[in-house]
Amino acid sequence: MTLLDLVIFLPLAAFLLILFLPKEHVEGIRRFSLVASLAIFVASLGLIGPYWFGNPGKLAFETDLPWINSPAIRYHVAIDGISLWLVLLTTLLTPLCVLVSWKSVQKRAKEFFAFLLLLEFGLIGVFCAFDLFLFFVFWEVSLVPMYFLIGVWGHERRIYAAVKFFVYTMAGSMLMLVGITYLYNQAGTFDYAKIMAGLQNGSIAPTYQEQLLLFLAFFIAFAIKVPLFPLHTWLPDAHVEAPTAGSVMLASVMLKMGTYGLLRFCVPMFPVAARNCSGWIVTLAIIGIIYGALVAMVQPNMKKLVAYSSVSHLGFVVLGIFSFTQQGFDGAVYQMLNHGVSTGALFIMVGFLYERRHSLEIDAYGGVATPTPRLATAFMITMLASIGLPMLNNFVGEFLVLQGTALVNFKWAVFAAIGVILSACYMLWLYQRVFFGKASAEVSALKDLDLREYAICVPLIILMVWMGTFTQSFIPSISTSTAVILGPVDAKRDVHVHNGLPAALRAQRSLSLAKEQVDAR
Amino acid sequence: MTALIFLIFAGIAVFCGVSLVAQTHPIASALSLIGVMGSLAVIYLQLGGEFIAAAQMIVYAGAIMVLFVFVIMLLNAGAEATSRQIPLLSRYVGMFLLAAFLGLISFIIQAMLPKTEGVVFGAFQGGTAAAIGRKLFTVYLLPFEVTSVLILIAILGAIVLARREV
Amino acid sequence: MPASVPISWYLILSAILFGLGVAGFIYRRNIITVFMSIELMLNAVNLTFITFSYTLKKVDGHIFSFFVMVVAAAEAAVGLAIILTVFKNRETLMIDDVSSMKY
Amino acid sequence: MPANFAPTAIDYLRILPEILMIITGTLIMVLEPLIGGNKRNAFTSVTLVGFIAALVAAVAANDYPGLSFSNMLIVDGFATFFRVLVIAVGIFTVLSSSDYLRREHAASAEYYALLLFSVAGQCIMATANELIMIFIGLEISSIATYILAGYLRDDKRNNEAALKYFLLGSFATAFLLYGIAWIYGTTGSTNLGEIRNFLMTGGSARNLTLAGTAAALMFVGFAFKVSAAPFQIWAPDVYQGAPAPVTLFMSAGPKAAAFAVFLRVFITAFGPITNRWEPFVWSSALLTMVIGNFAALLQNNIKRLMAYSSIAHAGYVMVAIAAHNQVGVAAAMFYLAAYACMNVGAFAVITHFSRQGEKYVNVDDLAGLGWKQPVTAALFSIFLLSLIGVPLTGGFFGKFYIFKAALDANLVWLSILGLLNSAVAAYYYLRILVVMYMHEPGESTLTLEPLSPGIRTTLWAAALGTLILGIFPSLLLNFAANSSGLGK
Amino acid sequence: MLLWLIPIFPLLGFLLNGLFGRKLPKSMINLFAIGSVALSFAWVVKTLVGLGPLETKYIEHYFTWIQSGPLQINVDFAVDRLTAVMLMVVTGVGLLIHIYSVGYMAEEDGYYRFFSYLNLFMFFMLVLVLAQNFLVLFVGWEGVGLCSYLLIGYYFLEQYATTAGNKAFIVNRIGDFGFSLAMFLIFRQFGSLDFTKVFDAAKNMPSETTYGTLTIICLLLLLGATGKSAQIPLYVWLPDAMAGPTPVSALIHAATMVTAGVYMTARSAAFFMHAPIAMDWVAIIGLATAFVAATIGLAQTDIKKVFAYSTVSQLGYMFVGLGVGAFSAGVFHLMTHAFFKALLFLGAGAVIHGLHGEQDLRQMGGLFKHMRITAITLLCASFAISGFPFTSGFFSKDAILVAAYEHAPWMYWVGVLTAGMTAFYVFRAWFMAFTGEYRGHAHPHESPLVMTGPLMLLAGLSLVGGFINIPHWLEPMFPEKPENQMLAWISAGVGVAGILLAYLFYVAQRGLADSFAKAMNGFYTLVYNKYYIDELYNAVVVRPLVAISRTVLWRGVDAGLIDGTVNGVGTRSRGIGSILRLLQSGNIRTYAAWVVLGSIVVLIAIGFAGGSK
């Protein structure tokens, strides 16, 4: 029973508890869920310990218990530098989501908060599971509450969006299930570590054909979740229709399930296939970056705009992963967190605007800065973070990703960097149309942020600056874990660079080879 | 001799079978069914099935068919209204299917059946009531007993479905 | 005129009867007749049993067909009861009229 | 010829469950005239007692495995598994029927008696080791079910269901019999073990073809009973027409028993000629899944929808049969158990909701149930999620296990197509969830009375079962795995 | 030496004003704003004094910013002679402009906002010049861009202002695109971004005669520079940037930020010197910009626009200097330009302030008697920019032109011509503003001391600033170029000629200008409308992009193609369902037929075909 188990199961406990609270006492339920989620967050902070004060090996807080004996399915959870931060992201955002929904969710509040906590349970589990089956279980479990969050508390076309979301993801995850099972039949275990070991020492040796198919089975499932162009169309609908909290959890954490899966399973388990497909995937990622930005630019609906911007941002993550360089991986992981924070904040603030003006259409606004300077400032900072201004979080991620990509193939970097320009276009334009200009009558009636809303925004903004400035509190722990994954797929093994092997890569080779030796021991 | 008898009664059986299908009036069909059963009983005898032949006459032709006729009378079911359109599927496809089915079975019978000596009357004596009874109360005791439940259900069903409102 | 009849003749006879039963089921529109066609099929089956137990010189086939008769009797009772209820409710025995539930 | 004709005590112990149920059934029939038909609770409790006694007996019998009654019966894990399963289904049926019968003013004594007999028949099927026993068991179970399907004799839909079920059922049985006749003629025996041996040893090419023909004809009979394509056609009409609790029963009990027989015959007796029937079962499985899932997409009558869904689920089990390995058998067993749980639950809700004369059987009638009766809806959601195959429910694990078996047998494409099918299935189950939670309550929901104790028990038990099978499948899985060695 | 204090002071000022400014009285705001800048100015002076001759670079390491694999980015600050010049200019001029703003912005609301932005700008600008590696430089680079965006959009109620802001930011982003790509290449090539490491490595590389890595790097850097320093093709944002308050134009869009490109290029001299091709590009782009902008400047009537284009043109000069290898000259001109151009803008600001916001030269005239100080100080600035002998502009500009002559004589002559035009339009503006009759309707008045004081200081600097021998000071870093008195005098002469021509047109012979304009109408309108460049960009880039994104990508691909397919699948499966359910005709005999059919199929499949497998 490690701290991690506690963090995983507290949300479930809280969920069950809420079910037994009388639905009339909405206030009490709200308070309870806030306290609970905060407690979880505090508890999860403890997970950082080993990473800041000491050097855990590959995994920390490992628990490995038998769950089902045949087929051998184990409750094997642990965290490494990658999971750690994603878990923290989840635990941080849940209380914020509770706060966000404090006033906006009045009808059926009990169920709402219950589902929110159930969602947290699923999400945390996904990031901690080191048993493929367990991973899949959490993966699917997280699907259900989100379905209800969208479908019950969403806007007009919520049902369409919810069903689309569910079926879309379901289709993908079914393929993954086939993959997982097939792998099991070859390996005789679901245990991630064992499978990795087996794949490396050749005791599990799928033919290249099989490897490719397995890779695709996993990849498609993850790509849908990411979402990677052209599998992204569920995202805008889901976002637009979801309640604020739903959008936040969806954008900030759920999409990361996909990229996390790519990094944790797809790439390391099927390195050769991954390497051979990288060309196509990177192309899709880059298309997604530019395409998402361009489409975002012309959206009349704020949430849709942010949604498409997510498509663009997540493109960077995929790009980083499939550059197979240390910088690319670190950047990708860091970008996941950044996107979680900044896009989450964007959705929250759009939510604030919606609560005030009851419209998501950009045309309904204009001149909002005059009545609500504080909101305007907060939004400004978040927007700047999201378009990758230095000293704010996104910049670091994008820089690392692009740098990593450039090391492998400079052209990719060139195209991807166009996305950075475009992001400025749509965001600034949005900001201008919403906040600048003369305020219309209804707009000037809007109230500025109140204390609760401050309490939501300030932590996120602080985090943006922190993550942009003092990256060393995060990246080292990430690097150690990504280096492990990088080992078998490292781009340095065969880079096709025109003027020989770049100095940077030469340096990197020696460095990460050293790392591998360390891991070997 | 055997062959002659077989051919005669087989002929009758087939004829009655056809008429069962062809007749529009249920009573006619019922009678032709009895005809089939009768001729089959003879063929059973030929194959050494004394007991079965008897049972065939008593149970089938006797009991069951009487029941049928009784019901037909009860509901005084008239001839089918031929005006009614038969679904296309049933009419044409059905015809073809039938042919195909028969063809298949006969082919299997012809091609696959191991060639054994032909049927000679009295070549098989095992079908006596005694033999059957012995088997029935030893090896096949359990099924025999269980069939009682079947009858029970039949009674029960008849009561449940057909009794007058109380 | 051969002294003995090939086994296959019996089997083909039963096949024909079975086929006729099927035909009856498909072509007759009177529920009772349809039901009788089933009985015809059962008879065909019985013939097969008897024939085979002749070739095998085993009595089990007879017993089997005996059980078939029992079952047939039971089915007859129940079946006719069901037909009665249908008739009570619909005043018809035309099988095509009993198709309210579809698709 | 087996040595002992005089059955010993052990023999009787081995068929004690059947005996108990038959006795109880008879007892009820005797009681009815004595205490009068309106003492419903009395009959209910007697029936329950009978079932529970049978359950205990079935479990107890498992300690005395082996053949009995001169190889007519075999008591093994497999048999016990299905016995327990069908008896449990019977219990739940009783629980959810009691107030339905009261509601419809239908005589309950005969109903329970028939139920008992039918379950007894299914137990016989589960234990049968002889085609004769299989045939008789099948007939007992079926005939009783025919009657139950038409139990409300003044209800047009009931009659129609009964008639269709009966006519087509007997029609298919005729094929089954014809098949039996042929296998008898080919192998000279109707004993599964002997058939297996014959096919393994004395199999000339011709004999194998004949056996194949027989297998084909028997396949028709079994496939019909389990409503597998292309013989699924009867199911929707019958499920829709029959009384809700009977549909509950039909979709779980007889189906499970039929699958038990199916497995026993095809894995044990026809094991040697697997290569002949495996491809066809493969395609039949796929066809079944496709027909079930896609046709269900447009159904509005929830009973009919569930009928199609049960066809689809039969398809999943067929996949397990197509895998024809031990894992497959275990998977099929597990899946049928899980399916029984969730389906019983779902139909219990429908029974509860449909009201007098089954007024409300459309999906849209459920509007807002989630907020009118949260508990009912929550439980219903569990069943639906399990039917979709969401983890932590029995449905998911069963499905996973089946496709694992399929992949073991290298049926990769079947697995992929099957799982994609279940993504399609998600769509129509979600529709029900949508209606329950995302539509505002209509008068159908507002006039809904609270759960009756019987149905409440059923629901909770079923939900519990679904979840336990999903979270701790080992409990059942180990047993299934150990008793899945058919013909070994 | 605690270099970090230099940028930190303004940052503090920004935080204080930004967070609490709303509630603070103006006096406190002024205190924080000006005090912080003053402090950092003081600290700069102290540091430079303390560091002495600065023969070698002085570096301070603070902390590691990013560390991933071999990629390590430290936050280091460094001072060398180049930085020293920039520091002095930025903090010095910055301080003066801060003081000036107190007067200029007195009536504006959002006072605190203005100053906090201004301080933030100072912070980033100082980070930019102090940076010891490309990424930290990039931080300042982007940061100043942000502040420029914020300050241009300072009047955020006005659409044109916010639009100008966006334009500035986005155009700069295009430049940054180049810059960042350059960084990626540099790291890829040298495995580091640290100036010392990188440039030392570059020194050992052979000079490239083709488009090799170094050349590509340099061109990308150049793209960045053109964005920030408003060179062709990315100069379009600068004129619009005049939408901001005038002090902003002075500080950001004249004196400091826009010269960042020049600074960065000079900083990367080590690269450029090994990439002659890139050098030529720099020179040509510079020259072209200088010339084109000058021509546009001839016809502008908005006083700030005139100076804006002259800024563009002067920046062009600097690039010519860099391009022909006279880095020191370029930097020299950067400094002097900072003086006189800041002065020009502040002067213009004073005029506008005196006329209550009037910016149109045609609405001015005869202001000399109303605002003498402004007029005189502006006159000094005009002389300086015209390269009038012994003013600051004379030395710096001529240093550039001479170097240009060394490189390629024709460049020199173009430069001289441009110089003439410059002199002409600057004095045109001065004459139109201060001589003749007042044509406006406002009540002109002289500005308060807080504004005129900085003006006078700057006037002094722009007159004598040329005697600070920057090229010599930068000698250890960049090779000094030969003097050539002869050429210097020619260009000065042309400048004077330009002044006289302006006098002729706008004082001596009024209306001559108009008749002249009519005479060559076509050219005039073309120039007056800035060669329709903005319109061109709009028509060719912006509008098509938006249109395509909306109609093709969003409506077409996204909603139409992809979603269409997805939903199509849904509809299809419904379709399949609707067909499959037709099997259920409800008719028993049809069902029977199905059973038979099925059984036949089974018979064939299992009875025979099955065996084949």
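For clarity, chains are labelled A, B, C, D and E in written order, and residue numbers in each chain start from 1.
Quick note on the criterion: a residue touches a chain if its C-beta (ideal position, glycine included) is under 8 Å from a C-beta of that chain, and two chains touch if they have at least 3 such contacts.
Bear in mind the structure is a predicted one, so any value in this text is a computation, not a measurement.
Chains making contact with chain A as well as with chain B: D, E. Contact with chain A and chain E alike is made by D. Averaging Cα atoms per chain gives one point for each, and the point farthest from that of chain C is the centre of E. Seen from the Cα centre of chain B, the chain whose own Cα centre is farthest off is E.
Chain A and chain C have CA centres that are 66 Å apart. Between the CA-based centres of chain C and chain E the separation comes to 97 Å, rounded to the whole angstrom. Centroids built from CA atoms put chain C at 5 Å from chain B.
Chain D and chain E have centres, each the mean of its CA atoms, that are 78 Å apart. Residue positions of chain D touching 2 or more other chains: 132, 136, 139, 143, 146-147, 150, 153, 163-164, 167, 171, 209, 213, 236-237, 427. Touching of two or more other chains is recorded for residues 86-87, 90, 94, 97-98, 101, 105, 108, 113, 140, 143, 147, 150, 153-154, 157, 160-161 of chain B. Residue numbers of chain A whose C-beta contacts span two or more other chains: none are found. Chain pairs that touch one another: A-D, A-E, B-C, B-D, B-E, C-D, C-E, D-E.
On the side of chain B, the complex with chain E involves touching residues 86-87, 89-90, 93-94, 97-98, 100-101, 104, 108.
Across the interface of their complex, chain B is touched by residues 1-13, 15-24, 26-30, 32-33, 35-37, 39-40, 43, 46-47, 50-51, 53-55, 57-60, 62-63, 65-67, 69-78, 80-85, 87, 93-94, 96 of chain C.
Note for the complex: chain E touches chain B at residues 585, 587, 589-590, 592-593, 596-597, 599-600, 603-604, 607. Residue ranges of chain C in contact with chain D, taken from their complex: 18, 21, 25, 31, 34-35, 38, 41-42, 44-45, 48-49, 51-53, 55-56, 58, 60-61, 63-64, 67-68, 71, 74-75, 78-79, 81-83, 85-86, 88-90, 98-102. Those residues of chain A lying in contact with chain E across their complex are 164, 168, 230, 232-234, 236, 291, 294-295, 297-299, 325-327, 330-331, 367, 369-370, 373, 384, 389-391, 395-396, 399-400, 402-403, 406-407, 410, 413-414, 417-418, 420-421, 424-425, 428-429, 432, 435-438, 469, 471-472, 475-476, 479, 483, 497, 499, 502-504, 506-508, 511-512.
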